[in-house]
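These notes open a run of structures that come right after.
Below are two complexes that have chain A in common, paired first with chain B and then with chain C.
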Partner chain A sequence: MGSDRLLVIGAGPAGLEAARLAASLGSQVLVVEKRDVAGGMPIHENYAALTHGFRDAGEAMAELIGAVTSHPNVELRTSTEVTAVEGSVGEFTVTLSSGTGDDTVEAGAIILATGFQHFDPGRETQQYGYYEFPDVITLADAEAMLKAHNFVRPSNGEVPERVAFIQCVGSRDRQIGNEFCSKVCCGISSKQAIEVRQQVPDARVFIFYIDMRMYGYWENEIYWPAQEQYRVNYVKGIVTEILSKNGRLLVRGEDTTMGRPMEVPMDIVVLAVGMEPSLGTRKMAEMLGVATNKYGYIETPHGELDTVATSVPGVFAVGAATGPADLDDSISSAGAAAAKAVALLRGAEVTV
Partner chain B sequence: MGSDRLLVIGAGPAGLEAARLAASLGSQVLVVEKRDVAGGMPIHENYAALTHGFRDAGEAMAELIGAVTSHPNVELRTSTEVTAVEGSVGEFTVTLSSGTGDDTVEAGAIILATGFQHFDPGRETQQYGYYEFPDVITLADAEAMLKAHNFVRPSNGEVPERVAFIQCVGSRDRQIGNEFCSKVCCGISSKQAIEVRQQVPDARVFIFYIDMRMYGYWENEIYWPAQEQYRVNYVKGIVTEILSKNGRLLVRGEDTTMGRPMEVPMDIVVLAVGMEPSLGTRKMAEMLGVATNKYGYIETPHGELDTVATSVPGVFAVGAATGPADLDDSISSAGAAAAKAVALLRGAEVTV
Partner chain C sequence: MTQRVNPKVEPERVIELEEVVLEGMDISGHWNRMFEQRVIWDYDVDAMDRIIDLDGGESFGWCYQCAQCVAVCPVDHVGSYGPRKLVRWVQTGMDLFTSPELWLCTTCANCLRVCPKEVNLMEVMPAVRKEAVMAGHVPAELQDVFEKTARYGNPLGKNPKRRHAWTKGLEVEVPLISDLGRKVEVLWWVSDYPAYHPRGIDASRALARVLHRLGVDFAILGPEERHDGDSMLRAGEEGLFEMLAEHNIEVLNRYEFDVLLTTDPHAYNAFLHEYPKRGGTYNVVHYSRFLADRIDELGLTEEISQKITFHDPCYLGRHNGEYDAPRELISALPGAELVEMWRIRENGYCCGGGGGGMWLDGHAADHQRMRLSEKRVLEAVETGADTLCVVCPYEVSRFEDAVKSTNNDGRLQVLDIAELLAQAMGLPTD
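After this line comes the complex of A and B, so read on.
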């Protein structure tokens, strides 16, 4: 009666880490990924270097994927979606759909590692001209350009002389309903600013921010090198609109330190788009009946002392499926969920 | 040959969680705590409510302690110190000292959960008058007063009319060598500001900050309620000195939003002291030979994809032993370390 298999939904960093550890603990693990490749956002969106360690993202993820796919206890199915779930803890029956048809599997526990998507900077506000001006890009676009060592103006292929990052696009914004801070964008923008300066040494790089949330070690690991070694210009300011003028972008707003209007020409503007729950996170939450918060992220209702249990026994959530998370958060929570899920599958009573 | 026992050093939240999960996974766990009670800082320093969930800290920790002490696989030894370690992964020999004498135990793996200590606000700088004025207290002092529902002026027992929090005391400070951000003080100060307003509804509460790092959900869970529901006054400003005048404290500095000097009377000033590695963290790191960073925290040299492995095989570090960490970080990393340590004890090869 019941299944001792663990189902992990999503093969990004958190899902892979959970699968790897659960397999190391002796459990049989099935990882289901709807995309055709594993690796999640770092692979899908061509991240250049990891934040905060500046390690090559492709190489790091390849190692993690390799550890999972080479483990005899793990089966990884890509291009596969979960289309139905029945049953409860210890005996979930899960329908999987792929190009080769439907399949049904049993699982005793489920880890949701379905992650986030980037805020669409064209949604509800056109102020930044993302869909109007090719040289207005997002953090994700910039990652891919930096990874390819091809950080040029999309409009004309020229090397930029002036690059601006604009923080808090789609975060800390009540008008669009995202009051939360996306946590990682300050660090990722600063990391990218360093990479731009490394790849395009003659470019001037500006970061327009409300405040820089360089928590913990990000302060000394990323922020100070950006300021001192790479001469990134941090400007406390609010950008109200982006225009096109004489073949360049014109960033308009207010320098709030000086308390004066600003109007500065730029060649590339990078919008530091925040996190939102992915479509997969929303769909899986609904299908499994796990409680979500008003933003659509999966709730972990037991508080600080249990970061991974959801409202449904036997279903755990990790990484950015539960809210804004950095890579360290995702990896740590994945490990915690692996431990709890495996203990549960072995009949241990795991309480908060 | 070798031992399948896990030794956890430190019985704070991270150590207890690691012990609980490792035991749930079937391992034999010995937890060693040098203090005479388990529970770590939340118990030792009488935390009132947890940040971010506002759950009663004593109650929450009692549950966690109960889960550990009632588990047949766990032995908890308080008032016991680790005084020597020999051997290596799979076969550490550990000398324990307590009031009843010395004892030697074998362990296959070790989890360091030795935590942090608060920055001493009298160290290297007298500007805040912590040792001079009884009404200048720290976040830790304030927790104990709030827990006792006795938030009064230490100098005379009067209910305060005006209370100020001063952020970044001992953090983000190059002069004292702590460039890092302590990560949690913004959230804890805001939580305490709410508690002060709940317990002393007539008090006005001010938070003097450089910037408020209310990352992730802390923005909507703590910051906005503090601003809107509890009318906490956030003042962007730098405090340069605290004086005593007419039986009150006088806070002097600059309101940086207005760009003007400020001089405001207060009844209680709470210094938001940052984190530093505890003495136990420093001692255990040295005894075990694990690499530390320049602040004395234990390094996790494998980067974002392994948040708990140290430079010494078989030795893991969790929570604030590795750097500034909130409670969620501590609990998640504890779970990850439990999974890795148990897998290691069972002979699994756990690589990054």
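After this line comes the complex of A and C, so read on.
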């Protein structure tokens, strides 16, 4: 075996957790992050509170970043990209590029933690007028406003009276090509609905959905409190289109439980955009030659009992690089990948 | 008033007033025809807020529209009403406080049985109705009963001094506890319909004979007893309930007895769950259980060669868990065969009399295809039974009316279990 170093690509929650665990198991870890700060989407997209425990995102991520950077076995390089990979399991040669020039490092195993990007609701269709109406925003936009405690109509800075969330934007859609459920949006919309009600108590919040996918404890920890304590109104039936009328947004669709057409004015409409593989995920997959599925996510082809090994020996993938994942999923897969990678570096047999 | 103008139009959404004169212009009939708004323009969230802000109204906001309740709501089977629909109508702005829909729920509790979110209409309905009652939004027929009950102590508006008149001419003694001046083993809480309604009286006289044959040391309150108030509470007249409960507790606390025997499951419910909160705690037993525990002593010797079906009262069964006692008694009748309807026990269909429904038949008729009691009688007939046996005094009159209105006169008789027992014991009849 050439190198006993583990390379983690991506310093989001999954990458950081994989690095922390591998380091604490005694391995040398190099974490490479293309952005200038670690923390991944929760930091980059200004998350307010984490789903599902409502913990402050900045605080939680700072703790994780601190655990990684303070560990003597870890080196974290930000503003650094992987530009070439050669070799195979046990002896990868990786070229890293940064503002200060190129560098070559050896690694025995690689963990891909390159994550997702939010679906751009203006990309495929202008059904909801995301590019047209300033008050039509995405979950990520709303998250940033909530973090700043400034949840107002982008068009005029006014406090909204009516806020609507539209679920499944860019997910579960054959025409768009994302046939999968993005798994987290129902929970995040409901979490944000609660935060809107906390920050703007006079605003009323509506969530238009196909079916609420609040699996596990999200049901009782998010969905039920949103409905019962915060009086969020759940309306079954996805909005078909958004029009502008008298300076407000008119959401049009069917209230399916009433069996009647619905045209209701709103001040802010939040599109619950789903996940897509990030550009980094696509690029790294191609560079490393790991198989991806038709949606561009990295495949973990070994079935339910090995969720982190890819088609290339010595290369593991974690978190939302392999498909829609919430934080719990990402942290769990990071742990699994760290353990398997460390075992591999030590020459232990790990069967899958 | 409305007519079908086009098969594609839902008739209930067509509004057409028979006679309208507007500024001297006669626009009667189709000249004023309008169609109800189809598009939902807005969601008035205040309509729901006003309910969930009430004590007891909270759970109305918990519904997530799973719709399990609708399949077991007895009202839904005869109209367009249903608990989850009611929630959704309110969520879209319907003012339940002034809506006729407020008075359709019989508090039968079958929706709560199947509700994963524990939306409790048994609490919501009284809370909303209480506000409606205070604001004067009460169907006239129910208001009339409230007033009669307040004035006379019974919903029939009968002379309270003659509450024990049903005992006249009985060959067995039914003493008033006030006359005995001593402790009794059993104080029998007779209730209103058993004291005043002709068919209720038949059952009371039968039960008096049965108790006498058993050698039970019993007495009644007679004029001192007033309506238990349970149904008034469900119908939103909390003040009236408090007044009745206060009086009844004061009277009951005056006497010594081991068992408070109730004929009426609604009274049974009040004594179990409401009176103790107000200082009235008694060893209350429904007569079906009291008699079932004494089956061997009843001396059931006479053949009752009938097919008998049994209707579970909501306030005995679902509300208080007693399903077996009446069935034990029916099964003990010599020669009788118990044939069950398809909705029984926990899933028993409501007769329509609970929650104030006893006094809202006119209102219900305006909003339902048929009475719940009629629906139930048809189910009873379907079993091929000769007799529909009941153990709730609201039911004899309701079901007998329904037998007539569904043209089943002569095909099905409605009898209280006490009447059947008295017959099987060879006791005299009137």
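Note that in this section the second predicted complex is superposed on the first by the 351 of 352 C-alpha atoms of A that agree within 3 Å, B and C clash if a C-alpha of one lies under 4 Å from a C-alpha of the other, contacts with A are read in each partner's own complex, and residues count from 1 in each chain.
Throughout what follows, a contact is a pair of C-beta atoms (placed from the backbone, for glycine too) under 8 Å apart; a residue touches a chain by one contact, two chains touch by 3 or more.
Please read these numbers as outputs of a predicted model, since none were measured by experiment.
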Contacts of A:Asp255 with chain B and chain C, given as first, second, both or neither: second
Which superposed partner A:Phe206 touches (first chain B, second chain C, both, neither): second
Contacts of A:Glu241 with chain B and chain C, given as first, second, both or neither: neither
Which of chain B and chain C A:Glu59 touches, first, second, both or neither: neither
Contacts of A:Pro265 with chain B and chain C, given as first, second, both or neither: second
Which superposed partner A:Ala338 touches (first chain B, second chain C, both, neither): first
In the superposition, chain B vs chain C on chain A residues touched: B
Chain B and chain C footprints on chain A, overlapping residues: 212, 224
Parts of chain C lying in touch with chain A, wherever the complex brings them together: 38-43, 45, 48-49, 52, 58, 61-62, 64-65, 84, 88-89, 91-92
Sites on chain A touched by chain C in the complex: 204, 206, 212, 224, 227-228, 231, 233-236, 255, 257-258, 260-265
Chain A contact footprint on chain B (complex, rising order): 13, 17, 21-22, 24-26, 50-53, 55, 60, 63-64, 67, 172, 179-183, 211-220, 224, 303-308, 323-329, 331-340, 342-343, 346, 348-352
